[in-house]
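My questions will all concern the structure given below.
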Amino acid sequence: MYGKGLRGLSIATVLTLVGAFALVFFYAPTDADQGVIQKIFYVHVPMAIVALCGFVFAAAMAIQHLRTGERRYDLRAYVAIHLSLILGIGTLISGSIWAKASWGHWWVWDEPTLVSFLIVVLLYACYQPLRFAIEDPEKQARYASVFAITAGAFVPLNFLAVRLAQAYTHPRVLGTTGGSMPGSMRLTFLVSVVGMALLFATLWKYELASKHTAQQLRALRARLTGDAAAPTVRSGQPALPAESTV
Amino acid sequence: MSTVGALLAKDLRAELRAKQSLPAMALFAIATFVVFHFGLDRARLDGDLAAGVLWVTLLLAALLGINRLFVAELEEGGFDGFLLAPVDRTAMLVAKATALFLYLAGLELVAVPAFALLLDPGLGRALPELLWLLLLADVGIAVVGTLVAALTVQGRARELLVPLLALPLLLPLLIAAARGTAPLLEAGGGSLPLRWPAVLGLYDMVFGLLSYAVFDFLLED
Amino acid sequence: MTVSATPAIELAGLTRTYGERLALDGVSLALPAGATLALLGPNGAGKSTLLRVLATLLRPHAGRVRVLGRDLPRDGWAVRGRIGLLGHDPLLYRDLTARENLRFHAQLHRVGGDRVDALLDAVGMAARADEPVRTLSRGMVQRVAVCRAVLHDPELLLLDEPGSHLDPAAAALVEPLIGRASGRTRVVVRHDPAGALAEADLVLGLRGGRVVLTAAGGRLDPAALAALYG
């Protein structure tokens, strides 16, 4: 069920990413002050945006899980957080590279997005350990959902607080020189964001399909060899209930 | 007596008898001030350094209280006993958050004078506005602390997960509280910028409502 | 034994999973009001799980559960105050005294404080009622736990090996509160088939979450009994 449309989505993703790549290097203007390295902006910011959307999406899935009690929403939230966390770390790394290239420091406390992401990544990094700490699978899923919702509500508050703390001390360092974006930059930026979002969607669907298949395989094996053979292995990964029709 | 009242009375009675949380929190705070004195090699602090030391210490001491908040319920069957009663389940959230709030107030009754004594930040003039910040922050720490405590108490590695979860979640609160306190402790004395209590208030409201909405799901099976 | 129109417990195909395992697998039974049901079975058979589902502490994953005329989990709130559970955990705070513990539970269940004193007297714990539970012997704790279970005068009693830790004198003291003579509907988990047969109207054997043995009228097939535990 998750595999449906995966091929089309993958192709669309590849095309958009290739297009974005081309635009970044052949179409978008090179920044006067920062030079070519500024182009990392087309990776850093789309990653940040998609990661944040991913966390919010996970919170929405978690709300659905608590409301309906259907475990497939928990699995969707799990994968979304997992991918967003990777993108979040990517945001930190790309931001750090950008900072080093522009300002000579691997880390800058003056860039609110970077600092906010550090906190957000630290928080979501606890999602998996929290899951692993709870043995009962149903309770684990419920608690994970509560965490995903709490963390989702936390993200905007965090950004607000960090931004306010920086507001009147330093100007943003990783912005683009000058205020608004010229048209060519805007187009490239949009295509980059769409590409990143498609990438997220494709990987999300792919991971869900893979987990679902693995679970079906396990269920089949258990049915063939008898219930007693099914090992109860402690895991932080969400397991779909015995008779899942997802 | 209402359910919240009964739960709160029970918790306070147990705390008074066993003295598990409050003395540890207070002693930890005092010890941390001493540690800061030696670590920073300063006899006097002011401005944002003072604010930072105060709030970081309060936050870390709060973690001790958060760690112990639901332990009695877990180990002595309090969850089952409560769940068997025909009562509103969010009463436990309110009761526990109130208890934690009271422990924090108790902590500050000891820690703030100790801070004034040991690190001489010139608290006198700052006190009324500082009290507001303490009050607002305590509500936030109580609510978030209760949520984190409930999330971690039934799993393993509770003592590790509590700081890992609570500290990032409490960072916006720390930012607002410290930034708000800093001008109050400036050498010349300053006033409290209104944005920081506003942020604290927003934080308290968001997490208060959120906890109220999700707490039931943590108790049911 | 009073037979009323509504059975106290009606289960149809009750199923509860734990991850990919089945803790309870299609359990069905009907128990008239005022009757006693004895649950037998090896460890891990699902007896405690069944008790907890009946107590509204666990929700069923499939099947129908009707307790005291109400469907669970939807109407759990309506029956909670009419069920008493005595499990392995006495559910008492060790730093509080017996009296304080019972008063606390009385407040939760909206029951008057004088009932606390009466019950403590009835189980012979009046003298030690004002010492922390921590200092009491396990047998004494069990007696106080019995008080806690019947404090709110429940119609349905769920008892998990209630006689454990009780010497014969103590057992005699709690008998009128939780035994057959109390007139309440009871579900009792036991490990002795003979004792179960003696006091129960219905005996069920659970194994692997399934009902594998049913006995009524005071007779148990020895072969089936051996298979239950074997």
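Each chain carries a letter (A, B and C) given by its place in the written order, and its residues are counted from 1.
We adopt the following convention: contacts are C-beta pairs under 8 Å (C-beta built on N, C-alpha and C of every residue); 3 or more make two chains touch, one makes a residue touch a chain.
Since we're looking at a predicted model, the values are computed, not measured.
Looking at A-C alongside B-C, one finds more C-beta pairs in contact between the chains of B-C. Ranked by how close its C-alpha mean sits to the mean of all protein C-alpha atoms, the top chain is B.
Taking each chain's centre as the mean of its C-alpha atoms, the one that lies farthest from the centre of chain B is C.
Centroids built from CA atoms put chain B at 31 Å from chain A. In terms of their C-alpha centroids, the spacing between chain A and chain C amounts to 48 Å.
Chain centres here are Cα averages; for chain B and chain C they lie 40 Å apart. Multi-chain contact residues of chain B (touching two or more other chains): 220-221.
Shared contact sites, meaning residues of chain A that touch two or more other chains, fall at 138. Chain A makes touch with chain B in their complex at residues 66, 119-120, 122-123, 125-126, 129-130, 133-135, 138-139, 142-143, 145-147, 149-151, 153-154, 157-158, 160-162, 164-165.
Chain C contributes residues 52, 55-59, 77, 80-81, 83, 85, 87, 89-96, 100, 104-105, 107-110, 132, 148 to its touches with chain B in the complex. On chain B, the positions that touch chain C within their shared complex are 1, 3, 6, 9-10, 13-14, 17-18, 72, 76-78, 80-87, 220-221. For chain B in complex with chain A, the residues that touch the partner chain are 147, 151-152, 154-158, 160-161, 164-165, 167-169, 171-172, 175-176, 179, 195, 199, 202-203, 206-207, 210, 214, 217-218, 220-221.
Of all the residues in chain C, the ones that touch chain A in their complex are 17-22, 61.
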